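Next come two complexes, and both contain chain A; in the first it sits with chain B, in the second with chain C.
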Partner chain A sequence: MAKAFFVDTSRCTACRGCQIACKEWKGHGVVPTKQRGTHQNPPDLTSTNYKLVRFSEHKIDGQIQWLFFPEQCRHCVYPPCKMVGDNYDDTAILHDEVTGAVLFTEKTKGLPFQEIREACPYNIPRLDNATGQITKCDMCIDRVQAGMLPACVKVCPTGAMNFGELEEMQALAQQRLAIVKQKHPNAQLLDADDLRVIYLVTQDRTRYFEFAQRQELPSFTRKSLLAKLASPVQHLAG
Partner chain B sequence: MRVSRRGFMKLTGASAACISLAQLGFNLSPVQAYAADLKIAGAREVISICPFCSCGCNLIMHTKQGKLINVEGDPDYPISEGSLCAKGAAMLSMHNSDHRVYKPLYRAPGALDWEEKDWDFVLDRIARRVKDTRDKDFIRQNAKGQTVNRVETIFQLGTSQMDNEECALSHQMLRSLGVVYLDHQARV
Partner chain C sequence: MTNHWVDIKNADAILIMGSNAAEHHPISFKWVLRAQDNGATVIHVDPKFSRTSARSDFHVPLRSGTDIPFLGGMVKYILDNKLYQEDYVFNYTNAGFIVGEGFEFKNGMFSGYDPETKKYDQKKWAFAKDDKGVPMRDKTLQNPRSVFQLMKKHYDRYTLDNVSKITGVSKDDLLKVYKAFSATGKPDKSGTVMYALGWTQHTVGVQNIRLSTIVQLLLGNIGVAGGGINALRGEPNVQGSTDHAILWHIIPGYNAVPNTNWQTLDDYMAANTPKSNDPKSANWWQHRPKYVVSLLKGWFGEAATKDNGFGYGWLPKVDPGKDYASAVLFDEMYAGKVRGGFVYGHNPAQTMPNTHKIRKADKVTELSI
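Now for the complex of A and B:
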């Protein structure tokens, strides 16, 4: 049934095992790099980095806080990228009804990249210049269908990355939130109702990075999406 | 076709479900096509051990036609329970890296380039150098006339892949030579 991730950043030590495991499973090659004064490497998601551990440093109440955020596609319950993609080719972006995974197929070559990227509230899609395909995390759908955990979850030594049934992950998220709040009063779950990747963060979400916030185009808010979904039903009923 | 009332209710229920899935933008069969191949399906599984730190995590190595195609943690290993760190997770890339060294490399004194040598050559060479250095630099007494029996010009760096017995053996050999500078790779 519907699957979900629960990412508990309070447990993340930024070992970046998830980032590497993703690369290894996908067979993605190395990206040329250089010293940029941060452990965040590469600096942004690429067409061969579906997973990236983001680092940010803050002085909060006189204490240094080093915040980690293992970023990936959130596999939205109502994916705006698919809504846009469907205007061009409704087989380019798939929404798996079993797991809820949002999948970019080879046919994304035919979609306008900028439009798809801008539709994403979390700025996830990237263009593979070599193939022309639009790429992102696919929930390791091949592994999940075989009853295995996604590579990034299997590898995680701390329990920051979790994967399972949606209800289980929602329950786990609430349970962890209650515990983490005792130490971090600002702890919160990020857009838990809209996503299949539930993040627990310990600080205000603006402290992490730009797209830890939801950046919605006005036409893609939950309300307008639901209205759009309801309209054919009304049409049928009417 | 005979349809019972119960069967009829099931059928209508199913078609109602299909309509709503289609309206939600779901595609049914293309997903199967997208995830058709699991790359480790039918692969042979061999247990190995991560060579990096002293946790010595078990690894499942997936091979096909004698080639390593995937590496991941072993859920049955009690220390890591299937997880790995970034170093262990990169084992496949390390194995396939063109930077890997397959033979001992030797750089002669004063030479600029490394040359490949066989193990007989390097082991004899190491033994010779250890013996010469130990004989030359062995200190029987310190400045106060106390017996010390030590060598200060040899340093040994251990490996986290050694078990207790190997460590004991290595330690005894080095102490018998008088080596006092012993350390361990896992501290680096």
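Now for the complex of A and C:
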């Protein structure tokens, strides 16, 4: 039942179809962009950009490597943002039991934004100044509940974006990793056990962008999260 | 495109040249990556490193506009190393045909050039024919006047040193591409060429593409799954220009546009149906009457009968010898000779050369929609 994404960056051509599809499905308006010498636009996630294709350039062993990373919320198996949010209002951030989606409701208005953002190991939450809500990718929960694929997955022409049952995606990720490793010995899956968005990268993860790495915060170790989430009351909140 | 998009997945090598496929024809990469999954080598030859290069097995930058020497070097490499498919080349190309005595190539010029009109008399390059008018052939491909031997001589100059000097590509990189792509010159292998406006929009656009045809024919890559020469097209007026006959000189099905010299269907057929005395020639366009009648029936339905030439008389006819191409059309608008028109699926004020003139021409007309 639990769902997952598998993002195979080795197949990404950075067409940014996912970024556009996300905006269109959500009905998000334009944000000002600027020529900054990269196709990465806007430069960062915003309260109306839940998906962003990040570009980074490197010269590795004399070869130019242009790395693409379609970034989005990882929908953690044990989401630290929810844990922090629950301290204030346990109905503000929901963890959907069926899909595993981590959902920011309009009640996030009442949560301290900086704390929520800092709790995220991948720096995903953004504040919508107009509404006061904290926003991010919601796994296209409306589409998924209706049996459709998330917009970003539906639009992807190359098979970089995949979505399905967790076990299925985990198996696909392992299968692709074995193949991709033949060409890219440094290929790896990023924090696959902790997330519902499994990334396959071909180079060392530090080469992509700052938050391709997990920012491990001492107060949010997996153990403490497990302890928190074991409480039945909080589990029901999802 | 000689093949269709999905067929790209069947290729064993993909040469992307004059195209930034991943960015401009993103769906093509769905199939390029499928081919790569199956072990195909994806090669991007382009001055610029792009997202296409990022997903290719290797990217080789070349000096802009030097595609002809680059491919010419590949022709020589294929010939020198006998990587061509001999059976294919003899049976399905004109390599064995004997070229008539009138053909000559000297000091960079072909025979038949008239400096006054700056045009070639192409009749001088005709094949030698027997008494039945059938081109003579040499099965061994050894006759010095065979297309094959003349081609060999012609491309003799495209040495690695020369090509490297002109293209700015290192000899190692040249060989890397030549080797990877000509490995498809085997009956059980195929390679495809993907090109776009990076080839067509050069002054030598046609020559770029014809040269890729020579490469593909030598390797036996035309008419096979995963082969071909694939012009990547997206916009309706590019693919549609041929398929839907949006260009002025043809009607659908690649048939010539009727002109006033061909008043009846019989005139039209006589002028456009080729004849061959060669029993082995497929001469496919001998079937043109069937295509044209079918088209006319499609247009006019039951009103198209044998007695009325299937309605051919109702078709508008152009003046023979007159050019109706869009560049000429705007010239005439500019001169006040064309007084109105409908423009759709196209923004000439932005896409035609010399936009100032186009915009002025547009103002001269009385009706522009």
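Things to note:
The criterion applied here is as follows: the second predicted complex is superposed on the first by the 226 of 238 C-alpha atoms of A that agree within 3 Å, B and C clash if a C-alpha of one lies under 4 Å from a C-alpha of the other, contacts with A are read in each partner's own complex, and residues count from 1 in each chain.
Definition applied: contacts are C-beta pairs under 8 Å (C-beta built on N, C-alpha and C of every residue); 3 or more make two chains touch, one makes a residue touch a chain.
Every value quoted in this text rests on a predicted model; they were computed, and no experiment measured them.
Partners chain B and chain C, brought together by superposition on chain A, clash.
Of the two partner chains, chain B is the only one touched by A:103; chain C is not. Of the two partner chains, chain C is the only one that A:66 touches; chain B does not reach it.
When both complexes are overlaid on chain A, the residue A:83 reaches chain B alone and has no touch with chain C.
In the superposition on chain A, A:157 contacts both chain B and chain C. Of the two partners, chain B and chain C, it is B that touches more residues of chain A.
Of the two partner chains placed by the overlay, chain B and chain C both lie in contact with A:17. By the touch criterion defined above, A:130 lies against neither chain B nor chain C after alignment on the C-alpha atoms of chain A. In this superposition on chain A, the options for chain C are 55-63, 127-135, 163-171 or 325-333, and chain B clashes with just 325-333. Once both structures are placed on chain A, chain A residues 15, 17, 157 are touched by chain B and, in the other complex, by chain C. By the touch rule above, chain A contacts chain C in their complex via residues 11, 13-15, 17, 64-66, 68, 157-159, 179.
Note for the complex: chain A touches chain B at residues 15-17, 19-21, 23-25, 30, 82-83, 86, 90-91, 94-98, 101, 103, 105, 138, 141-143, 145-146, 151, 154-157, 229, 232-233. Put simply, chain C touches chain A in their complex at residues 22-23, 26-27, 29-30, 33, 37, 49, 51-55, 59. Interface residues of chain B, counted against chain A in their complex, comprise 21, 23-28, 30-31, 34-35, 37-39, 41, 70-73, 80, 82-86, 88-93.
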